[in-house]
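Shared between the two complexes below is chain A, which has chain B as its partner in the first and chain C in the second.
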Partner chain A sequence: MNEITVFIMGKGYRVPAGLTIMKAMEYAGYRLARGCGCRGGYCGACATVYRLPGDYKLYADLACQTPVQDGMYIAQLPFTPAERPAYTLGDLKAEGQTLLALFPELARCVACNTCTKACPQKLEVMDAVQASLRGDIRGVAEFTFDCVSCGLCTMRCPAEISHHHVWQLARRLNGAYLTPRAEHVQTRVAEIAAGKFKAELDKLVTMTKDELVAAYKARQIEA
Partner chain B sequence: MKTIAYFPGCAMKDQARPDEAGTLHALALLGYEVTEIPRWNCCGTVYSLAQDDLMRHVGPVRNLVRVQGMGEGRVLTLCAMCYGTLARSARFVAEPERLARINAFLDTEDDFRGGIEVVHLLTLLRDEVGYEKLAAQVKRTLDGLKVGTYYGCVLLRPRLFAVDDPDRPEVMERVVEALGGTPVAFPERTECCGAYLTVGRTDIVGDRVGRILRSARGGGAEVVVTTCPLCQFNLDERRPAGAPTLPVLYLGQLLAWAMGLDEPAVAALVSKEPATGRPVSTGV
Partner chain C sequence: MGTYPREIQESIERVEATRPARLATKPARLTLQEQETLLKGFHPDYRAEGKRKLKVGASWGEPVPHELADLLEAYPLLDPGAVDVTKPDLDVDLLVIGGGGAGTVAAIWAHLSGVPAERILIATKLRHGDSNSIMAQGGIQAADKPHDSPAIHYLDVLGGGHFTNDPKLVRAMVEDAPELIRWHEDLGVMYDKAPDGTMSEIHGGGTSRKRMHSAKDYTGLEIMRVLRDEARSRGVPVLEFSPAVELLTDSQSQVVGAVLWNLETGEYTVVRAKATILATGGWGRLHIQGFPTTNHYGATADGLVLAYRVGAKLRDLDAVQYHPTGAAYPDQLVGLLITEKVRGMDAQPLNRLGEAFVHPLEPRDVESAAFIRECLPPEKGGRGLGIVTPTGMVGVWLDTPMVDMIHGKGSFERALSSIYRMYIRFDIDPTREPILVYPTLHYQNGGVVIDEHGWTGIPGLYAAGEVEGGVHGKNRLMGNSLLDYNVFGRRAGIAAAAWAKKASPGTPSLAHVRRYAEQLQSAGVAPERKAPILLPEYRGEKALSRMVDLL
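Right after this comes the complex of A and B.
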């Protein structure tokens, strides 16, 4: 078996090459009760930082999505403390100063771009901070659509911004106030309430089992 | 058409958006193809005076790197604060050791090579369009409207970055003249409006704004114009009780109106009819 050496929380282990960081930790004997969720790159629970030998950069990624490399120094971050002020969405307006009023630390951004470099989803995180500053809520929502709230940007930010909570609020405001209403759904609900499908439904519920099976087999599959 | 890179700044994209629209439309009529910088960030707003804190210059320099990436040698701002921060940071990091350190930090961006000129709306109108040509292009005159020309501080201080003589500026007065207005160069026109103290010390801002507006009114001004969205906000929104009620507009609104665009706030002043609501432009 092709083995490599990784250092987990400072201790060296021989693990098979090709494992993800998460699998390598479990192979080494760790039982992950926290810092581990969907194992599919969606939930954002397994934020991890690592360094590679001979490289000054501190890399950040999701443990379930990143293969181990020989000589890797790994530290798992099971949780990111981040402040989220209480708010009631219905009391807020989707306008310029809403984000800044609830998260005034946004104004401390010096555009260092460290957040962007830390993002495992490869989002333009700093651009989202800047869009927040100029009150572009739709821009924030679009920049951060694929955010998994792993907290890595938040952990790295010198301005101590709680990014993922800002993004969540921006997406909520965008969804509640800035996205066009689905008028056709309301129309269809009204049609159904007025009995548009009542005759067909009544017919179905009074069929015998054989009639139902025959109708099912004869159904139109594609228009 | 002349092309010019454009840095809007946050205020121009938020509370001052109508001012931006009218001004950019007017510039297009004056023959400028204005191109917004792709993916810009806040200028930094307050220029950092710390000599050893390069981090505060990363934001402004990143914008200048983006201008450089467009192949442009200069960048236009419509905001005095953005002008001050970008111009001063560009000079601060020109020192080779600082430049090397900034570039090492900005590792994912192209190296900043320096040499980007920061241009403010006023200097563009003076140095490139020219007062005479501006006057010749005007579609309708301000008809002698008495315009208080408020500079504030950042356009004129520190001296090295002043767009005009810091003690006796005249560029805004000459622009107003070219548009057919009567400039009112009132004594307090180069005093600070209180700037970012508007966040936490509205009492100080209110005191300063009261003085500035009384000075303008005392000089006979019917309207005050600024070239800074923050000054405009402070003079208008932080106006203390009892201060003169004359309207405060962005200079670009006068420019837009004079170029024939729809500017209800200016139209109301020139025709001496009372304006209603917040003055907005619908230039574009």
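Right after this comes the complex of A and C.
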């Protein structure tokens, strides 16, 4: 087995090459509770920073998606303290100043782009900050749709912005107020409330298996 | 090219050599008889040795996978004699166990039903939102287009479940579905829509109408994070890293809360509650029959264990959902889902020799069985023609370059962009190289028996989401898991809130656990086995073999 050395919080361990950071820590004997969630790149629990030998840069990525490299220095971030102001969506308007009023620290952005470099999803994080400042809620929502709230940008930000909370509010404002409702959904909800399908369902729930199989086979399949 | 190890490269050369001839042909579809033979021979559910009948409890005699039976026929992880549960540390109206989709929806609807936020507690094993709910990609079903109806949705669900579903649960699900989609719109979920607001809806496997609503291919993430934010706005308290290790009962055999255990400090907390909702998710991390899984880290069937000890009935747990195409390489992606659409766009499954061995679009269980037959060694009845990866996984090829060859350059990246990005991250270009796949453990079809209000039949105990059974029968259709947790999370939240208003819980006790342990002893269960397991064991063998507990 081809083994390499990784330094978990500064302590060296020999692990098989090709493992993810997460699996390498487990191989070394760590039982994870913090720093491990979906293990598939969706939940953002496993934010990790690392350095490589002979390289001044501090890298940031998800432990479940990043292979180990020889000589890697690894530290997981167990938690990202981040301020989320109290709000109720129904009390807010999808207007230019809404984000800045709740998250005034957005104005402290110095456009250093460190957030963008830290993003494991390779999102244009700084562009989303700038869109927030312009009051472009839809722009923020679209820029940040693939955000997994790992908090890495927040931990690196010199302006101390709690990015993922800003993005969450922007997406909800966009979904609730800046996107037209589906009229056909409203219609169907009203039809169900009026009992339009009641008789048909009353009949279906009492059908024998043979009757159900026949009805199932007779379905028309939408092209 | 060149990201695959050399021994795998040789197999890719064979794939490339057979490709020109394969572009025009496909293996014939199997007859029903051939399908049945293949299933009986190779589908994990048909392996009698994979299951055993439960020898204790309310579902005595029911067959379940050994991996689950080992947890149900197991002694309490927490010694009932080691804790004093008679003096609650916390006293609430509603305890929700599990902070995924079902638990969060239940908490919100209990609040909407009049339970004050501070009288609700969500206790969850990992973080709020860490769940299978957040990982769902494809979408959520609801019959809300003019040419569709709840009745048609109902038939699709029953057919998918081989007519084994509980009719009243299916009815509840299909009738509530459009209302929940509307609720999501109110909350600000960004569904994929036409400019006028019309939902973009597509087919899923086994649907007769296009009713799959999606939010790009992050549908689960988008719904879960909006629900979590709404729960935060409402001020619902959440205890993270605090799994329930046992339910509590009183002298009337009502469930009156749970014992939580702090995963980090080891401290226990006794929570007394007028009503308790189990929303603990599924069992993917049990790795039934050794399969990898699409599931999140905490999917260890804790809720089934706890519910069974208080006398709840279980159903359909003999049926395991395996998705045929889980990633088998690189190691970082093992078990993750590769959508069926890749085969829908003409990529063929191939063995090590580059031979097509099954039609790409057989039913999921049949397709999975064919992959398994191809990979199993001859001494186990298989063909031994799988491809072995450097970490010892085995898989078959999915010949992804065929997609662009048949549908035109750029088709793959356009139509399958998330899969494309997933592999490009690991320097594998699926438009130029095939990918390795193998069936992956995806869903717990069955679970705790409930009625249409999420009630388990035990006073004070409700269940919602993947932990419950009956909605999907023996087989769930794509897009009905997100719907299930919304429908039954809401129903359980409302019903539990109503119960909490009139309930009078007595002194909490673990008497049911002691009784259950006595039954285990009578049945001759060895004392070493403990449950719930809370987390899967992934530590390296070498490290584990030298570990000693000193402090």
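The rule is simple: the second predicted complex is superposed on the first by the 199 of 223 C-alpha atoms of A that agree within 3 Å, B and C clash if a C-alpha of one lies under 4 Å from a C-alpha of the other, contacts with A are read in each partner's own complex, and residues count from 1 in each chain.
Convention: contacts are C-beta pairs under 8 Å (C-beta built on N, C-alpha and C of every residue); 3 or more make two chains touch, one makes a residue touch a chain.
What you are looking at is a predicted structure, and each value in this text was computed from that prediction instead of being measured.
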item	value
Fit-or-clash call for chain B and chain C when the two complexes are aligned on chain A	fit
Which of chain B and chain C A:176 touches, first, second, both or neither	second
Which partner reaches more residues of chain A (counting touched residues only), chain B or chain C	C
Contacts of A:29 with chain B and chain C, given as first, second, both or neither	second
After the two structures are overlaid on chain A, angle v-u-w for chain B, chain A, chain C in degrees (C-alpha centres, nearest 10)	160
First, second, both or neither for A:96, with chain B first and chain C second	first
Contacts of A:216 with chain B and chain C, given as first, second, both or neither	second
Partner chain(s) touched by A:204 [first = chain B, second = chain C, both, neither]	second
Where chain B and chain C come nearest after superposition, their Cα distance in Å	19
Footprint overlap on chain A, where chain B in one structure and chain C in the other make contact	none
Chain C-touching residues of chain A, taken from the complex the two chains share	16, 18-20, 23, 26-34, 36-43, 45, 64-67, 84, 86-89, 141, 145-146, 148-149, 168-169, 171-177, 179-189, 192, 197, 200-201, 204-205, 209, 212-213, 215-216, 219-222
Contacting residues of chain B [partner chain A, same complex]	10, 13-15, 39-42, 44, 55-56, 58-59, 62, 105-106, 108-109
Parts of chain C lying in touch with chain A, wherever the complex brings them together	126-127, 129-132, 134-135, 142-147, 149-152, 154-156, 158-159, 163, 167-168, 171, 174-175, 178-179, 181-182, 185-191, 193, 195-199, 203, 208-210, 215-216, 218, 220-222, 225-226, 229-230, 232-233, 235, 241, 263-264, 294, 296-297, 330-332, 336, 390-391, 422, 425-426, 535, 537-540, 543-544, 547
Touching residues (chain side chain A, partner chain B) in the complex	96-97, 109-113, 116-117, 124, 126-127, 130, 133-136, 158
